């Protein structure tokens, strides 16, 4: 690369560093705290393990997750397929491995949908206040009062069974949390001096909201997101159990577990291994979220 | 911190191992001592007077004969009411008298006269007479509810049934029908005889007792409905003065257990006597378990792949044939259904008049490819297969997908709630559909109409299949009086549909029931919901003195 | 503003919310291009019949008309008639709701009994082994799909060990008590049938545990964090400087203040337990609204779906209201009047 | 003065805070003496370890802080050697009690004032609830609280700052302790209230015959209320003596600066400020911690830590300036 470019970049970097020193220190401190809380490290390890598995899935598997082999149907765990085979003779190990892709996809997309919409709505409502706030918050209340699993069921019943629709359904039911959270945060941030200062400097609403208030809310939102990851994956599984959720033959853990429960008495491996996989995945997110909360929660950090 | 990090990892790993091991262990070692209830533990003691079913009756809507149309509502209704004629011992090729002692049909076959058994009365004291019969039949026709069409299809209307005298009742049909067809419909629960007095006592705004009858009984059947708690159970009490003799089982409990696993555990533990709907693999496990016996009976329901003629390229007969040639029938029957089905490719199942055993088709991708090539689809084509949201159909659909792939047909699966699927199906809106069909009555006509006659809005029509030849044969069979001739006609018709129809019939269901060995006299009727519970009894060897 | 006004205002808001809920449900359940008649009658019924019944149930009327009708009846306290059960929905709910309430109350008790102590422990031993253990334990609860863990537990404790009774609200050989309140536990006592009462409780153990396990985590978590926050307050130092022993400080001074936010979580969780029941009830053959609404959704029984969601939403908002009122008693700083 | 027996004698006290940035040496070998019935003012800039001293005496330093050395001799025994139990049973609240900067936040919001005071009473004296309550009322009355019968039934948030502080004082004195640690008792109150509270403390301790360690950054207060003064800088005591000595004949350059920087009436020119900033206590300056800011610093100052020199009876300074002076005596 060009030296000059590199130089200018370095200059820029150093300037940036100096400008955002406080923030960087804060960040370093958080990292330090995080490293000091073993549970969140365990969570982090679990998650990164799953992410890795998801990425390397094709390398890790000997079989195609949807390729059937009826003769060796419900074959118990053996050297060749350590997790055994399912009711259509598909290799459960590779299904579990590919399943991690799906569950991550669900989790991430749902959060992308719900967290962004929720947060933006909440912040805007909280900042503008007045009638807009009223309306947004009433709608939020409505969705919060809704039994979310049932709403999700109804939605995916309406849209038909597919991964996308599952994501949409769960997204719709989980945005209000963020809205409420973000609003609360905004209200508290709004009162702080620096916002007053910025306003007195005549910054535009948009600027204040997006470059001053939003950043303040992010940490908490992030915690919420991490914590809800687990919940989302479980909800998806629940939908799969009732008969919605990802469409077959996709190796979605929830569907695997619930379809496998008819074999649970003898061919226990059919549902147990996806079950354990899900357990650790969700546990990972919960542990990390829990740790993050400890670290980023202003009330708890010292 | 490093230390506690590792310890945590270890802790979690250990927990994981324990979970896995526990499940493995629990699942592997079958629990000991369930073969017979242990008299020491009173809650395993079986009560000789009570029979407990474990099943999922959540779909049941109403126990009103005019409405009862789902399996369990019909089954229960059948226990609560008697009919003019009936089948016996699960033999559905022969009609026996029940409330009617004898009957005769006019020469033109339109007017039927039934001579009733005398001196019978409902628990309320109302006599079971021609009045009651006329009331019951007219009521069904008037209400026009879910099940009414069973009678109205013969042109019966409100008033077409009249009581000539106390014990003679006359039915007038719109035309002549072959006797067995009509009688087998009269044996169905829709034709139950209800107590006119009691029913009208509970009439609300002209529903002829409809809403009351939903969960009350007004019949002179072997059992009386004591309670129906939709969440938990249906409770039947023996009718103390049932004219055929008091049933040996005083109480019949039908427990709502939607989870097959629950049913199985409770059966093995002795909390229920009969597990009604276990999946094939569980049945397979239970075979040879001490104290449990498996009863298997081919029933008049069959699963098929419907091919919508209106959808490119299914209109081409060769393409439909190609699909027939690409399905791995044996794999499905032997591996996935595992004894819960027997091979069937024509639409008249075993045990029914005119059964056609032909099964020419088997999985032959080469042949399929050839046919596709002839039809102008050498590269195969894309198509959508709709199926219901149930583990079994999910697996079969997945299987079909991979089978058709072998002959180059690319299937995308569309899983729908049955509600949506039927809706689209009725609107001729599906391409390929994995469907099931069950006969309402024992006559082959109940199969021929839907599968062959495209003029009535049934399966054939829903797949846009209209074939004059097939239609004519169906109609001819319907009015043919000579059984031997009918059989010939049906043989011809089934063969024709087998090769030219819009279906790839895969198998006939075998209903597998697991029950405790102390349940006696149990037989499974091949026909939809006509078990005679009053004939069951329990061995009493386990009862404490 | 005084207490009365506060409650009234909240009730008003509640009405708005509930109306919104009904609307949303109506819209969603009518997106589906199908209806209960077809679903219930299945493939065998002839089309003419279906058309006729549709008309009979008013399903062929324009949507807005149906909606207005429903709301109108609702305002007159009529929840409508379920197409699936062919009975007034109110009757179905009266039959089912008590069971769900029983179950979720039991599980909430379990959740609280486990959650709060766990929270306290991990707060007082922050970042030490007890903290980790209790957190991992409680997090397990929200990391397992209940329909799976439920089955496993059944297999272990009922099928293999036979320590706990079968699924279902009471043993198959027992008869339910005459309905007085609809709560089996109460009715059985009213009927003086202690055996049945105990049997019922034993049947409740597993499902209640499975269900309660899930909200235990959040309760423990909330207890922990608010506990940690409180322990850092001046008045805790002051209490110590008085010469209070550590346990006295924790239980007399810290806990009471820490409970305030925890109560919210408990309230909210109770609401969500009602729907968490959906899965649990299926596995444990529990005759609650969970299984009811699942069926209603699968069979597109709109009115049943709407009424049930309405009921749940109502209970949920009620819980919130109660929580807010409880605040006044827990925290003297808050005053509504 | 060494003959006169001292109630509390802190020798070479070291309290460190183990933060992730490093070890904060909040107290580095602090020496402090309080005689019986004496009012000692502890002054210094914020962050010089005044409060830490107070908390250390009661051993209320919580993690990441830790008392790592020295002794706190109180009534002849070393508090650092006592068990937690003994501390809470015999010392805290009974022998030594403390009042804090923020009176309202140091009362538990969920209990009534009365219950909190009587709790303290019942902790150390065996009396039943009612008596305890009576006493708390009477003691509140002694603090000059208007209408104590009503106050005892009220919750902290219903009190004004001044009243709350009165309540705190009442609580602190309820078991007549021998030493009262008052940590900035008035800094959060209005000036008018401030005077009252200080007065109150003064005559109460004469009534209760207790000693007071008055922690403050306000020299005015010290001048008015205290008998003795100890000046702290960066975790060390640097000068100790009678109020008069300190204000009139102070020795240490820091004290000098401190006093100069107090605004006075009829003062010309701008306010004096001490050069430089308070040192960071993770890597404190070697030798005399003040030397980087000291106008009269010498080579020696940066090398070793100056010991306490008794420049005159009851007046000691830790500064090498007075090395020779002491020699002369």
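A few points about this structure:
For clarity, chains are labelled A, B, C and D in written order, and residue numbers in each chain start from 1.
Rule of thumb we're sticking to: a residue touches a chain if its C-beta (ideal position, glycine included) is under 8 Å from a C-beta of that chain, and two chains touch if they have at least 3 such contacts.
For clarity, every value in this text was computed on a predicted model and none was experimentally measured.
Comparing each chain's Cα centroid with the centroid of every protein Cα atom identifies chain C as the most central. Comparing the chain pairs B-C and A-B, the larger number of C-beta pairs in contact belongs to B-C. Comparing mean CA positions across the assembly, the chain most remote from subunit B is D.
One finds 36 Å separating the Cα centroids of subunit B and subunit C. Rounded to a whole number, the gap between the C-alpha centres of subunit A and subunit B is 45 angstrom.
Chain centres here are Cα averages; for subunit A and subunit C they lie 25 Å apart.
Here the CA centre of subunit B is 89 Å from the CA centre of subunit D. Chain contacts: subunit D has no residue touching two or more partner chains.
Listed for subunit B are residues 4, 7-8, 12, 23, 26-27, 259, 261, 265, 417, 420, each touching two or more other chains.
Shared contact sites, meaning residues of subunit C that touch two or more other chains, fall at 32, 132, 136, 140, 151-152, 155, 282, 298, 300.
Contact residues of subunit C toward subunit B in the complex are 32-36, 38-50, 52-53, 84-87, 92, 95-96, 99, 129, 132-133, 136, 140, 151-152, 154-156, 158-160, 162, 165-169, 171-173, 176, 282-288, 291-292, 295, 298-300. The touching residues of subunit C, counted against subunit A in their complex, run 13, 16-18, 20-21, 24-25, 28-29, 31-32, 127, 132, 135-136, 139-140, 142-148, 151-152, 155, 217, 221, 225, 228-229, 232, 271-272, 274-276, 278-279, 282, 293-294, 297-298, 300, 305, 308-309, 312-313, 316-317. Those residues of subunit A that touch subunit B in the complex are listed here as 35-36, 38-39, 41-42, 45, 66-68, 70-71, 73-74, 87-88, 157, 160-161, 243-244, 247-249, 258-259, 261-269, 272, 276, 279-280, 283. The touching residues of subunit C, when paired with subunit D in their complex, are 233-235, 237-246, 252-253, 256-257, 330-333. Of all the residues in subunit B, the ones that touch subunit C in their complex are 4, 7-8, 11-12, 15, 22-23, 26-27, 29, 31, 43, 47, 50, 52, 58-59, 61-62, 67, 69-70, 144-146, 148-149, 210-211, 214-215, 229-232, 253, 255-259, 261-262, 265-266, 268-269, 271-272, 417-420, 422-426, 435-438, 440, 450, 456-459.
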